[in-house]
Amino acid sequence: MATVFFPTLVRQQTGGLAQIEVPGATVGELIIAIEARFPGISKHLLRPNLAISVDDEVTPLGVLEPVRPDSEVHFIAAISGG
Amino acid sequence: MSTTTYNVIGTRPVRHDGADKVTGRALYGADLQLARMIHGAVLRSPHAHARILRIDTSKAEAFPGVFAVVTAADFPEAPADKIVDFGEGDTMLSSLRGNILASGKVLYSGHAVAAVAAVNAHVAAEAAALIEVDYEPLPCVLTAPEAMAPGAPILHDDLPNGNVAELIRYEMGDLDAGFAEATVIVERELDTATVHQGYIEPQNATAFWSSDGRIHIWCSTQGSFVARDASAAVLDVPVSQVKVTPMEIGGGFGGKINVYLEPVAAMLSKKAGRPVKLVMSRRDVFTGTGPTPGSRVRVKIGVNDAGKITAAQAWLAYEAGAYPGAMVGPGAMTVFACYDIPNVLIEGFDVVVNKPSTAAYRAPGAPNSALATETVLDEIAEKLGLDPLELRLRNAAQEGTRRADGPRYKRIGCIEVLEAMKASPHYNAPLPGPNCGRGVAIGFWFNAGLPSSATLSVNADGTVNLIEGSTDIGGSRTSLSMQAAEVLGLRAEDIHPTIVDTDSVGYTGVTGGSRTTFSTGLAVHDAAQIVVEQMKARAARLWAVDEVAFSNGVFSANGQSFTFAELAAQLGATGGPVSCSATVNPKGVGGSIAGLIIDVKVDPETGKTDVLRVTSVQDAGKAIHPAYVEGQMQGGTAQGIGWALNEEYFMDTAGDMRNGSYLDYRMPTALDLPMIETIIVEVPNPGHPFGVRGVGEANIVPPLAAVANALYRATGKRLNRVPMNPATILGL
Amino acid sequence: MKAFDYAAPASLPEAVGLLASQPSARLLAGGTDLLVQLRSGRKDADVVIDVKKIPELNEISFNPADGLTIGAAVPCYRLTADAAIQSHYPALVEVASWIGGTQIQGRASLGGNLCNSAPSADSIPLLIALGATALIAGPAGRRSVPVDEFCTAPGRNQLAPGELLVSIQIPAPAPFSGAAYLRFIPRNEMDIAVVGAGASVTLSNGVISAARVALSSVAPTPLFVPAAGESLLNQMPTAEALEAAAKIAQEAASPISDMRGTAAYRRHLCAVMVRRALELAVARAQEIN
Amino acid sequence: MSVKVQVQTTINNEPVEFLCEPRQSLLECLRDIVGLTGTKEGCGDGNCGSCTVKLGDRIVTSCLVLGVEAAGESITTVEGLAHGSTLHPLQKAFLDHAALQCGICTPGFLIAADALLQKHPHPTEEQTRFWLSNNLCRCTGYDKIVRAVQAAAIEINGAAQ
């Protein structure tokens, strides 16, 4: 099962839980599984100011990005550049 | 370190657009002349915060020579919560539209209120001055700490936390336990002023709204597709109705990603039925575009006897300007990014204030936060009696180090950059005399991926046309052509690059985020590989073989061979021309570490700082064109030194910028800088076929702190405010 | 910028006549102040009178008896290249090479710098220190005004309606005299003086027999401080004496805080810059002649 | 609008006549009337040097010159620097030394540097930086520009004695 790390400010929705292992083959499937456990959380994770990082790389595929059982998923500030 | 040998990559060919740019032939946005073109002027708010009670444009409309006047009322309403996705950094449409022409309230001095198109720019300016605007002035708030305080004037009624638009928080490990392990703890708070990118070419846009509904925009932009998408969103037309032709661009550094004039020129054109050109004055550029945030950053770092950082805490408040989006996210993510720290807490606040809406500026957000971290580390090194580079080496991030925001580094060149600094002739040279000081600092920037497209067409003479959409700010035509040439076994000059409009190439993101040589380079690389495959197939057809080898520009099979040019000449007879495209949206972005060593001399009576010697060190991954890599390092260093020493938005209490000219903004002149030595470190990025990391930004991260550290060594004073100008140095 | 007409009179009487008949006329020499002010709306004009075609305003002449006459429209680059000025007025060469940058010096004139009457004008403290006078022409004829009395308020001066500056006249340097202008700017060029200090010193047998001190950017006009110079009379040019004179100049200053510096910082710089200008003037007085 | 004035002048060694309003700067006249857009505008108040042209025997910022003042003068712009299709040694040196990035300041630097080399055939680094301080560049940090100018000095005038 892949590990999803909750941003600090989303942990209010998880009762303080920082990370969770959930089943799924894509980021989207992981989020569906998390939403089932913490209803309403997905809108805090899928926000325009947050980018999705899978295995230490920001993914352009977003929720469609495949994950492996040992994958790490983070939600980090979306970065622009100069 | 880089070991692969290349034929073209790593050489220094003359840039393809060079002759045009040294002879005055290159066409920048303001150079455009179109038949029947008229000229515009923008009326801007004199108030930093005021309600607009009434706008009367009748006198301007009646002024001889005027064709059209527009205000926010001419633009479609922005749905309250619509978000525009530009691929990087999404924006609320209401903010975008509100910034282009104010409606309801003006939020900063310089906020555009109305625009006029007339027979020439002088008449347009005279007419704009005749527009009557009744304002109800409101109290203004100009700094993040003031804007966060209870009772501060509120800019936007719809933000949930007063003037705080966004909270950021990253936590890792156990902060209290970490500080408990520390033997030395230093905490400092440092402010930085609002500064501008300072590109020499003012913003400009020419637009023609045709009677068939198609809108053609010519402008100076870092990203033609972003300009297209943003303009279409503001004008509420489908993106396919807008074509953006990127003109040559006179500098950007992050400041020419947002649109300001483009939709206004388009709306004026719609009303006037003629092409309309808008060009900003220098004061407009300072007050009406996006500078980069001023900030307050507090950093606390604890280190044990072994010189290992046990805990680090940061609090960051960045001034977004009039609309949310202060780059505090990247500021927070980079504040400790160079180091492997087990226990971390980072809190960031994106705070709106009555200043121009901020924009990116080379590694946006990172110099502000690195200033605090790198000066605190300097102080700790001194307390421990450790060389400041040695302290950094003991804590340097490396492959596998986890950042506080979560992800772990892949291959990263932090140790290599620090070792290069330590071994440099500069670091090992004595200081020239009294009142002198040497400072060091390092910094990190992520760099970006994002989509890019390229098309390669093989000419019968053996050369190749490269069609691409990345506007060329610093030699990217050549760094891209070199990557094509390397794959195709050609010389850089055999590739003919052209940057085309948004109708003529696949989607390409901005020239920003240090991404062009990486991402568009990857598109070029991939397209070149397809060319090779197709050319192999042609050779196979000619030779009636199954397998053709390709190496160093020569196709061969069974003892037969063709040079690239020989085979190119036969394409017509083997099935027709070869033309291949690729569009990428890559992962594999490699972050870059930069370091700076700087020597200064301070006049103890006047506080004047002279910069004596500078060495910039940066991990380029692989330097495609080393001269342009050096140029990026030197340019970012120069901007950082200007930021550190003299540049700032000097606002009066009413929020009016008092120094909105090059005379008083005080960017460095040639006489203010020495030669800038460079050391290119090459730790190849495994995510790019040639190892490219991108070099445009990380170099501006270290200078603020390096200058502060050098000033400390020269004066014994730790300053808590940037710019560290002469009066600040003397405490006057 | 509002529309205006342009005239380029070829003689002084013609210019004076035009000026008298056009109340909203503005005089154009180098244009480095005027065109910026017109463009920004700080000034406007119905007619711009270009004075560069008037021969008298373009002259540089020097003789050891009368000293130096600089036509009001002579651009700085001609001053820095002039052999007589180079040998007799080194400080003037320096100030002419510090006003703006190379391109500005291709246009800007000391006459324009004086008539613009900015508190921060670089050339005026030196002209005051050198004891220069302004030769003015107008409907009522010609008159001379000491430069130290010329400026009356920021952007204002003794020129009456219809009058124009013809030339600046600087006495011949006395034997064993030296002058200097130093300014403090945060950059190394292309900046407005945070504080500027002009000084001249004449030595007789090693004792100071004349001295003048003036400052810029510390008062509503360039500031002549007679007491600072007088304090040095009959003194040896010791560090203490120069320091004391600098303190007197500092006391006379009434600086304000603005984007170029705080009042406290300017007051501090007054003493530093005056002392340094005096030191350089003394060194020059000792080394030449 | 005021009455337009006819101006006869010489630009890049060719006689040129144009009509302009008195309020139009020489920069505007060169760019918008004569069509020589190689000279750039960066600030409009003489502080960036992008609009540098040679006017008679000295260089000026053409934003601070009125077009009408060009009457009877001789002007050189960046378009007049090369000899036919052969680049001026300064132009070549700027390319060889990668002394431009965005290129917007380059025309002004080239004209200013040309005047420098006429005054100082072998300028020191200090002389070069002082002379060029009326020209702002935001991309390069000036390093490669100074090197290019000094290389061009040697190309034009031989090695310093």
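Residue numbering begins at 1 within each chain, and the chains themselves are lettered A, B, C and D in the order written.
FYI, contacts are C-beta pairs under 8 Å (C-beta built on N, C-alpha and C of every residue); 3 or more make two chains touch, one makes a residue touch a chain.
Keep in mind the model is a prediction, meaning the values are calculated, not measured.
Looking at B-C and A-B, the interface holding more C-beta pairs in contact is that of A-B. Ranked by distance of CA centroids from subunit A, the top chain is C.
Subunit B and subunit C have Cα centroids lying 43 Å from one another. Between subunit C and subunit D the centroid-to-centroid distance comes to 29 Å (mean Cα coordinates, whole Å).
Distance between chain centres (mean CA atoms), subunit A to subunit C: 69 Å. Across the assembly, subunit D contributes residues 1, 21, 23, 44-45, 47, 130, 132-135 that each touch 2 or more other chains.
Across the assembly, subunit B contributes 122, 197, 252-253, 662-663, 668-669, 671 as residues in contact with two or more other chains.
Within subunit C, contacts with two or more other chains are made by residues 1-3, 40, 101, 188-190. Residues 5, 7-9, 18, 48-49, 53, 56-60, 72, 74-82 of subunit A are the ones that touch subunit B when the two sit in their complex. Considering their complex, residues 1-6, 8, 28, 30-32, 35-36, 38-40, 48, 50, 52, 75, 77, 100-107, 188-190 of subunit C touch subunit D. Across the interface of their complex, subunit C is touched by residues 1-3, 5, 21-23, 25, 44-47, 49, 52, 55, 58-61, 63-66, 68-69, 112, 115-116, 130-135 of subunit D.
Taken together, the subunit D residues at the contact with subunit B in this complex read 1, 21, 23-24, 31-32, 35-45, 47-48, 50, 77-79, 81-82, 87, 91, 94-98, 100-107, 110, 125, 128-130, 132-147. Of all residues in subunit B, those touching subunit C in their complex are 122, 125-126, 129, 283, 605-606, 608, 610, 645-646, 650, 658-659, 662-664, 666, 668-669, 671-672, 725-727, 730, 732.
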